[in-house]
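Sharing a structure with you now.
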């Protein structure tokens, strides 16, 4: 069992036991968010710098519910549609909280919220020059994930399906190609709708899964958070265990040769 | 969390916390089988009466590795191709071990090992007259699962795909129809190949999953057994939590209205 | 091209060039039905004996629009829920129109309209004794299609999905198993929703496809009938042509070796 | 029927009746290529300028088998890995054959042959300045297809799956998003393996399909070319006809209300 203990996820030099990252949007309140975090076993929460109150002590603060000493805060640039916007936002985050490990997302059309990869590359370059460790939300195009890795991304975060759609991983071929060629963690970000979507992502060989809506908009978010904890472990363990081959025909469970 | 404790699987009046049932074929040896059982958290193992040594004390016995006092033994009729064969086999099992809760399977062509449902119904009738509690391996045809339930089956066990194929659930439409109309437990039996297959079965609303090859023929059976434990819990919890609706377009995780 | 001419579908000794069979329910009127037939290129229409007016000369008659001398009428037992009902209905059809080639369907629960295979086998036996050539709507269970063939069925007609659902073929594994073991025509009956569903059925190796709702409830039934004509030809030709193997990686269309 | 006649595909001001474009690589010889073209009904062939002999009269020439007066030659840049390479290649093509309508592809890693979208955009700009009408092989990322359209692309040609893989359309969500937002033709390029893949592409609303390996590497390429002709028509007609809605439960083909 000690082998299992060693299966850590390392991002920018920090080790995590959990391979699930959850968000902080769409919850009923901060308490529910904290309860979901607890049920999920996640050690990282991602926070939209432009939305969540990180610094006004007169209003409720997320940090009163989720302790930044226990949980890694991963500031993100949700709502940024240009590279400059994204860079400015993350600089503010660093000033406010000292966070160096950040998640970059530069969005395009609100209809699909896909990343604009040209803008993303531009912002990535600026952030690296500023000394950030950058996890990057990106399309599932292996050409761009390669470029991001070459630029020093701390993690590649391809989308599985449009943000908030809950459609599950649309293109496992691309995700597999990305995993095969990457030496930094690959974390599916966006598209997970239910537990099996997360399990499938991990079975493909992803290093982790980030999700928000799938938990926050389940009928019972806390219970779904718990489901996701198990789903990610199940997929990871199945990946490491090595599945049986698929067969076109039946194969008896109980070999019958030599029976009386 | 007390709500979770109450989510038991009840079969023929007995309560189980685990919704995973594993087999006893294809393992390297009884010790590996016992280790897999331990890792899986299963409380029921199914045993091919015609294959496993249940009564010869001079040869290694499964019961020396898996204690029948701790784990429910579910004798099955693997290798039986007629109703009479199946009935005779289960009567022997009852004499040998006193088992009343049994799994009936009457197979047909070795190429696909589908159940012969006419023979299955005939055997079912005889077994009920004999006072057995009968869990029944069956096709995924809702007409026959209805008949089995009307005849007093203790559980309906439709196949997900051919035995040992690892193809996953082929016809979720049928499984859903069966679940909607059944008031006894519905347990997918056969076809699971990896963790996500089990999660998907449970998300459809199945009450449990039975598998053998997926664990025994994984590269690391013990690790896969652990994966399956989590997979079944993940699917069950996701089903109870109630997943988010799927959407055709994106929906921002962090609502941006009212941002500065 | 002469090879193509020889690719006929032979049912009960009669040859057909088209592998598409269409229904006569749900159309706006008989004229639209006849136009759809024309656009589809089908040579067989199936007719619910209990619904369509085949004998009352004072009301509009299907035969005034679709000439039984040009198109094979295939009487069916839609609406029959017992074997006796089905047999009685087809005897009436024979008296009314002299039809010997018939389609048997014995339905069960209206929710899914799956065949009751026990009743179907019983009716099949009676119809064979009466000298009918029987095409049989059945589940996609290869055990039962084998029994039907052994009893002398003129064609095996497994469902692809519930009647009228338009879900497409749910279980290609079963359809393939049935095709591999059958020596009479295998015709997918029920479940087709759009053209690609029919193409996929034919690519699996089916000998034909029967559909009703997919055409009759399309926004433009005549245009969909034309689509289906091409879809069935496309699938049949692709099956006979032998598709390329699937590959996990790219393979350049234009080999570049030896380029300047 | 006159409505069907008007369903033309217009690319850069030219009208085509066929929506299928085929390649000129991997065929046994030019004669087989010409026969496949004939069977496919295609009016456009795409030609790798760097591979096919377009100008050396001492060697066999494609133009001796496929008459450029009857069939549109679409020069492509297969084998180009930089924008400059691609532009130089197409200038040569224009000098050799006067072709203004061209297909741009700037490839990346041979393992997946995905386009490098940054290089593609750069080449696109240069080609527009040179006055070419440019059809563009691209990823299925709607952000980039929008940019290509804004730059004046004559057609958007997203990949369905890796070139030569035959895996079929991997991400219908993306293809649909691209179709919804585009006002120039959208033609799936790469990934088709069999007839139903082409039908599915057209049912999504694509304006056309380009393929090479699916035909050239079928066991019988001529027969597969014919299959593809029908597959594209089937999908187009089904799209225009408007398919029936999918239903979760059965819906009788022959309404039984009012039966005797």
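The chains carry the letters A, B, C and D, assigned in the order they are written, with residues numbered from 1 in each.
Rule of thumb we're sticking to: contacts are C-beta pairs under 8 Å (C-beta built on N, C-alpha and C of every residue); 3 or more make two chains touch, one makes a residue touch a chain.
Nothing here was measured: the structure is a model prediction, and the numbers come from that model.
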{"item": "Least hop count linking chain B to chain C through chains in contact", "value": "1"}
{"item": "Chain pair with the higher count of C-beta pairs in contact (C-D, A-D)", "value": "C-D"}
{"item": "Farthest chain relative to chain C (centres taken as mean CA coordinates)", "value": "A"}
{"item": "Type of chain A:chain B copy interface by residue overlap (half), same or different", "value": "same"}
{"item": "Computed distance of Cα centres, chain C from chain A, in Å", "value": "47"}
{"item": "Chain centre separation in whole Å, for chain D relative to chain C (CA means)", "value": "33"}
{"item": "Mean-CA-position distance for chain D and chain A (Å)", "value": "35"}
{"item": "Per-residue overlap in chain B, given as positions that touch at least 2 other chains", "value": "111-112, 114, 162, 165, 167, 173, 248"}
{"item": "Residues of chain B that touch chain A when the two form their complex", "value": "23-26, 48, 50-52, 78-79, 110-114, 162-167, 193-196, 198-200, 203, 212-214, 217-221, 223-224, 226-231, 233-238, 240-256, 259-260"}
{"item": "Complex contacts: residues of chain D adjacent to chain A", "value": "108-109, 111-112, 114-118, 121, 139, 141-144, 146, 161-162, 165, 167, 170-174, 177, 181"}
